[in-house]
Amino acid sequence: MLSYLNKIADNFGPLGKKGIVSFERLGRSALFLLRVFQSIPFVFLRPWLFIQQLYSVGVLTIIIIFVAGTFVGMVLGLQGYNILVRFNSESSLGTMVGLTLVRELGPVVTALLFAGRAGSALTAELGLMKTTDQFSALEMMAVDPFKRVIAPRFLAGFFSMPLLAAIFSAVGIYGGYYVGVYLLGVDDGAYWAQMQKSVDFHEDFMNGVWKSIVFGFVATWIALFEGYDSVPTSEGIGRATTQSVVNASLAVLALNFILTALMLETS
Amino acid sequence: MSNLIEIRGLSFNHGFRVIFDNVDLDIERGKITAIMGPSGTGKTTLLKLISAQLTPRSGKVLVEGQNIHDLGQADLYEMRKRMGMLFQSGALLTDLNVFENVAYPLREHTTLDERMIRYLVLIKLHAVGLRGAAQLMPSELSGGMARRVALARAIVLDPMMIMYDEPFSGQDPISMGVLIKLIKTMNDNMDLTSIIVSHDVKEVSAIADYIYIISNGRIMEQGTPPALEETTSAWARQFLKGLPDGPVHFHYPAPDYNTDLFETE
Amino acid sequence: MTRQTLEIWVGVFVAAGIAALFMLAMKVSNLSTVNTGDTYEVTAQFDNIGGLSIRSPVKASGVLVGRVSDIKYDKDYNVAVVTLSIQKRFDRFPSDSRASIYTAGLLGEQYIELVPGIEETYLEEGSDIIMADSALILENLVGRVISEIISK
């Protein structure tokens, strides 16, 4: 009997340890976020730090957002047309493309691409800074790395995401327009009019914007924390970067469900 | 008071591993004090404890009579402006060039104008012999050059003390010689107090005024370099002479060789 | 890269993002067709509102003049009480106007059509529309047609 219990303990012991470690990390990440918040006012005194990060987080991500948005919009146009034409309602193509992009695909796909491009870069950068003692060096120069390094990056990610998501949706709508109207012959006026009729400013557009703000917040937080909390070795940076992309993507997908449920509830 | 730093009863754990157990240590003002010991004995940890990047489990680190671990962030940062630290990797900020790296503490903590900053930075870079490298990026520097730039950065605010973390490891003989000379001349000319953490016995003995040897969380031996030459401790002798066998055995603990080899089953 | 080129790129990025947000708001969503100006509220009682919901359009001669802002059930009279928010600039609906629930197309969304009456007084804040036609329920209609065919 006792040996059975021992066996169970042997099997679940590591699991329990893992549980404690994950709670510890969760706690650390919350404290991390708190310190980031405390350091944000400092960024307004040094806007140049923020602008620099806006470049590496926002501008460098814009190309893949542009390309991905175009293709996603074109696929929506193609698929949407082929489904709608069966019901003789291909004139509603605009509705379908507009609603899908503004409500779901715009914020979600942008957040996933953001985690992959900007998030992983942030994690790797912070991991490298930690490995090469740059955080310690800043501390020793009496400079708070949260104010100088982390808070500007956090703000930049938080600020970039809604803009990137809007660019994605806008480009996607034109991609759908190109396929639907130019290639497949949907009426030009109907495409825009149907879209405008069914996409509601508050319920669809604003909810999409809110989603992208939340996703930007979470994806940037995870990316920065994984980098700051990484094991300071080259292997540690690699693992942290993978973790950052995986965790941020899962968090975005799960949050998307919760946010969608909340938004449908209140509307 | 002749001691700049007094460490009393310092204990520190990393997880369940004891790194320091009730350590007392003095750093004399204006002198070069070396802290030596085998790898993994927490020499770098000691520097981080002195600069309050880590908090001890118990004990005090008195810097100019003040316990550095009792200071708030603002006071601590004021104190750190007067402490320089040279990291093993140099720890230069990778997105700034050499000039900007050295100018960084000045830009952060002073309101000097551009002309004055340039003047000060070039003086410090000249002191480490790298005035010509001012426009290079850290990725273009060799390891020894990066350390010299970091040294220029560490002294740009004219600190009262400077801590060197393994300054000689992984250096070729020429840059090693350069660093030894730099550390010595800076200490003497700039009225500095230096702490060197290292396990390079020969180099350190050449410049240190006082040496502590730590192992297993305790101070095993201490004294001036000539005094340590005469040490009676077998362990310290093995460490200082670099002998392969002694109190620290060449073989990791193992069962008897013969039994291990010929034991069937 | 110089500081200036970096600033230009960031400027381009922010401008593109704001332009995209603006385009989505004005051209894609219905913001430009929604007049968020002042409204006045009138109520109407219906036996059956069908699929009418909050934010359903209120139209007059097919033109959007307002939206449904509230739907309640009156348990004393057993009717649905619908509140209509009509834009202030349309303040010339005679007080005996009729409110009917129509369906856009056979299966489209439902909306309220206001048909003006002939009174000299006008609907105003808090007015009650007495003439209200319930929604046309497709099932009821089909049922009636079938029973007529059977009885023939």
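The letters A, B and C name the chains in turn, as written, and every chain counts its residues from 1.
As a working rule, contacts are C-beta pairs under 8 Å (C-beta built on N, C-alpha and C of every residue); 3 or more make two chains touch, one makes a residue touch a chain.
Quick caveat: nothing in here was measured; it's all calculated off a predicted structure.
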item: Identity of the most central chain, Cα criterion; value: A
item: Chain pair whose interface holds the most contacting C-beta pairs; value: A-C
item: Separation of chain B from chain C, taking each centre as the mean of its C-alpha atoms, in whole Å; value: 75
item: Between chain C and chain A, distance of the C-alpha-averaged centres to the nearest whole Å; value: 36
item: Centre-to-centre distance between chain B and chain A (centres being mean Cα positions), rounded to whole Å; value: 42
item: Chain A partner contacts - residues on chain C that touch it in the complex; value: 3, 6-7, 9-10, 12-14, 16-21, 23-25, 27-34, 55
item: Complex contacts: residues of chain A adjacent to chain B; value: 128-129, 132-134, 136-144
item: Of chain B, residues touching chain A in the complex; value: 48, 51, 53, 73, 77-78, 80-81, 83-85, 87-94, 104-105, 108-109, 150, 153
item: Complex contacts: residues of chain A adjacent to chain C; value: 48, 51-52, 54-55, 58-59, 62, 98, 102, 160, 162-164, 166-167, 169-171, 173, 192, 195-201, 204-205, 209
